[in-house]
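By letter and in written order, the chains are A, B, C, D, E and F; residue numbering begins at 1 in each of them.
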Amino acid sequence: MNKVVIFPGSFDPITKGHENIIKRAIPLFDSIVVAVGENSEKKSYFKLKDRIQWIEEVLSDLPTVTVETYSGLTVDFCKQMKAKYLLRGLRTSADFEFERSIGQINKRLYPDIETVFMLAFPEFTPITSSIVRDVHRHKGNILDFIPTSIHSYFK
Amino acid sequence: MNKVVIFPGSFDPITKGHENIIKRAIPLFDSIVVAVGENSEKKSYFKLKDRIQWIEEVLSDLPTVTVETYSGLTVDFCKQMKAKYLLRGLRTSADFEFERSIGQINKRLYPDIETVFMLAFPEFTPITSSIVRDVHRHKGNILDFIPTSIHSYFK
Amino acid sequence: MNKVVIFPGSFDPITKGHENIIKRAIPLFDSIVVAVGENSEKKSYFKLKDRIQWIEEVLSDLPTVTVETYSGLTVDFCKQMKAKYLLRGLRTSADFEFERSIGQINKRLYPDIETVFMLAFPEFTPITSSIVRDVHRHKGNILDFIPTSIHSYFK
Amino acid sequence: MNKVVIFPGSFDPITKGHENIIKRAIPLFDSIVVAVGENSEKKSYFKLKDRIQWIEEVLSDLPTVTVETYSGLTVDFCKQMKAKYLLRGLRTSADFEFERSIGQINKRLYPDIETVFMLAFPEFTPITSSIVRDVHRHKGNILDFIPTSIHSYFK
Amino acid sequence: MNKVVIFPGSFDPITKGHENIIKRAIPLFDSIVVAVGENSEKKSYFKLKDRIQWIEEVLSDLPTVTVETYSGLTVDFCKQMKAKYLLRGLRTSADFEFERSIGQINKRLYPDIETVFMLAFPEFTPITSSIVRDVHRHKGNILDFIPTSIHSYFK
Amino acid sequence: MNKVVIFPGSFDPITKGHENIIKRAIPLFDSIVVAVGENSEKKSYFKLKDRIQWIEEVLSDLPTVTVETYSGLTVDFCKQMKAKYLLRGLRTSADFEFERSIGQINKRLYPDIETVFMLAFPEFTPITSSIVRDVHRHKGNILDFIPTSIHSYFK
């Protein structure tokens, strides 16, 4: 059985934390799909086109990982991709409570799906896309928080 | 003394979790008022008229429970209804921290009020109105999360 | 139906927080039984006889509240007392996570039981029997943390 | 070395909790700057001019404390004010998780900065500016939650 | 590469929650080792021999899952078993904070190890071995909390 | 006024996290007393004599920091040392809930005391004395978790 996992998010923008989770999950799965949700409700800070491009840059040396966009329910995208696994990183207990509700609801909507969690490394624990956006909006230096391979876009 | 309890919320929409808390609270109180707050700040997802109708459907066999709408402070509505109790369900520790602040502030605004908490059943713990709306918005099936008596509205 | 509630604990010793919860629960129930668990596993700090006496002192003006000891499961004691309710105070989110497990397990062991939670007042939030014992053990003054009616025992 | 600390926030409005933290921090620092962030993203509830005036009223007898406004990153404002410390009050564990991320990110952006935390007094734990705004919006009485010296503005 | 995962614990006793995590992890790994830690510090409630026997009963139809005992560090046992993965179930945010510390320390002790977390099902969330022992100690019925295949041992 | 701060703990053993908090607190206080509590209730893992020696090694280049032992209440030791401040590091929200209770109780026992909290660095967040003891007990390598200056004692 081919093990496909979906790593869903808005990646607004992709962070060093995301990159770290993706790389550590590679040995566990046959293929990983980084799935950028197009949320019609919430306006993103960075353009979809840019977010995708940055992810592609990060994935360029990772042959089993691809990027896709999706709208609609995450579990419907999983069915479409024939994926039985969702991947999520956990940073804090606030994260956990949120992820638990989502994960348990997804299981009811699609009983074949299994959410697999990995721990953020301690040094990436404080990094969230939301904080990175906030630093960027106030003209701060975000290079310490985003993958090295996309630093050139922010200099 | 007549024991009246207010069960406040936006019920956008009423969930199986809400229904469960209401039914379990019936033996403890003489009457229960499900109080739908009209929040001028936040736009609701479902129309007030529909939310009320669904609650009425759920309460149709529960003679001691009624539904009302209110605006203004919850404690002012309690005074108006001569209610000394507020009822809230608790699902997670994030819920709890939020409810604690609200409950302690309500006590200062109206020292006669007492908030009584009951635990969500484990199977209803992941269900929130916010997640139900999200599933509905993305064309998912919400029947597993809302009271059986209102399923016909969502088929 | 007579509404009997059990307020279980080790009360080692009873605190101002316990007293406050008991008094605020009086209007909601026909009778309250303060139930001191005799836990053969854990050695108590204060003697059972003293703990009971202090509770009796606190309850002396509260006609609907009595004190009992019990061993065995709390829900078995509830059945024996024909009580359908358990009462617990909530201070912190750590409290909550613990109480949620116990409450949900009790519901499975005895589906007729309902645990009702009330919030600690902010000024009593930091007080636990465990901290009171610790202060007492180190010869500190515990009068600020225990009911006024039992101050004379600790002077 | 002159110890300057920045106490950043939106103070929308200043609460009794803020006032209490400021006063307790005075002996620890040579000067305290209450720094009102002008957040172009989020519209405030009270006008900046009013928020500043209320803070000035509260600080009128506190010679080592001043009020300033700033936009941009908090750590950039710290550099500009030659401040090596940030001051934050902690109320709940939800607060803590949020503050930890911000504090650790600020340390990476400006390694010389040190965030110092003090505990809210129990009686101020439920008070947040957000709840105060909510009570005010619904025509409730907020006097119990804001500094005595600014009560006259809200009568 | 053969994917071996260690599921460590004291299993004092194995619960329905443990059984559920094991079964859901089977498709993800080539083999699962249920590893019963012999902790010389803490006395177990049930005998090691019994705990092993019950686990074997539960695993009897699961060809890729075996049971082992170990003493010493969990990561040393992983090395010995040539396992690159640890499996843990997550129930509550208190669980999470504890598991995060252990998981991050294990990663430092053995950088090749990866801890993979799966969510408890809502109905198993309140069940812990500790609560099961407590119910058993007080002569309560634990059948609702332990795997069906070992019910006969507790009747 | 001379600013003296007490950094209390059992330091069983001192960790890299403790060392980091001490060093970062130096600029804020005139003198820091690392106070090793002799807890007659709980047996320590390492001998008091060794724990003191390791702390002295760590402090050898830090002229404003000294080590003392104490028994009895922490606030009584503060009075004896004429210290108005307590210093504590915060790692997780579980830490925080515990520290909040202790800090608020200390304030009631001795209103002049102020507890000042600093954040653990992300890389030290998973390190606790308890986990270090556990690794040591199982013959694991603890060098990554304790100050460099005491590595020679554990080789």
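By our rule, contacts are C-beta pairs under 8 Å (C-beta built on N, C-alpha and C of every residue); 3 or more make two chains touch, one makes a residue touch a chain.
Everything numeric in this text was worked out from a predicted model, so none of it was measured.
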| item | value |
| --- | --- |
| Contact-graph distance - origin chain D, target chain F | 1 |
| Where chain B and chain C overlap in contact partners, by chain label | D, E |
| Winner on C-beta contact pairs when C-E is weighed against C-D | C-E |
| Furthest chain, CA centroid comparison against chain E | D |
| Geometric centre distance via CA averages, chain E-chain D, whole Å | 46 |
| Rounded Å distance between chain A and chain B, as computed from the means of their C-alpha atoms | 34 |
| Distance between the centres, which are taken as Cα means, of chain E and chain B, whole angstrom | 38 |
| In chain B, residues with contacts to at least two other chains | 92-94, 97, 100, 103-104, 122, 125-126 |
| Chains grouped in pairs wherever the two touch, ordered by label | A-B, A-D, A-E, A-F, B-C, B-D, B-E, C-D, C-E, C-F, D-F, E-F |
| Partner chain A, residues of chain F touching it in the complex | 92-93, 122-126 |
| Touching residues on chain B, where the partner in the complex is chain D | 41, 71-73, 75-76, 93-94, 97-98, 100-105, 108-109 |
| Contacting residues of chain E [partner chain A, same complex] | 1, 3, 24, 27-28, 84-85, 90, 93-94, 96-97, 100, 103-104, 107, 114-119, 121-122 |
| Partner chain C, residues of chain E touching it in the complex | 92-94, 125-128, 131, 135, 137-141, 144-145 |
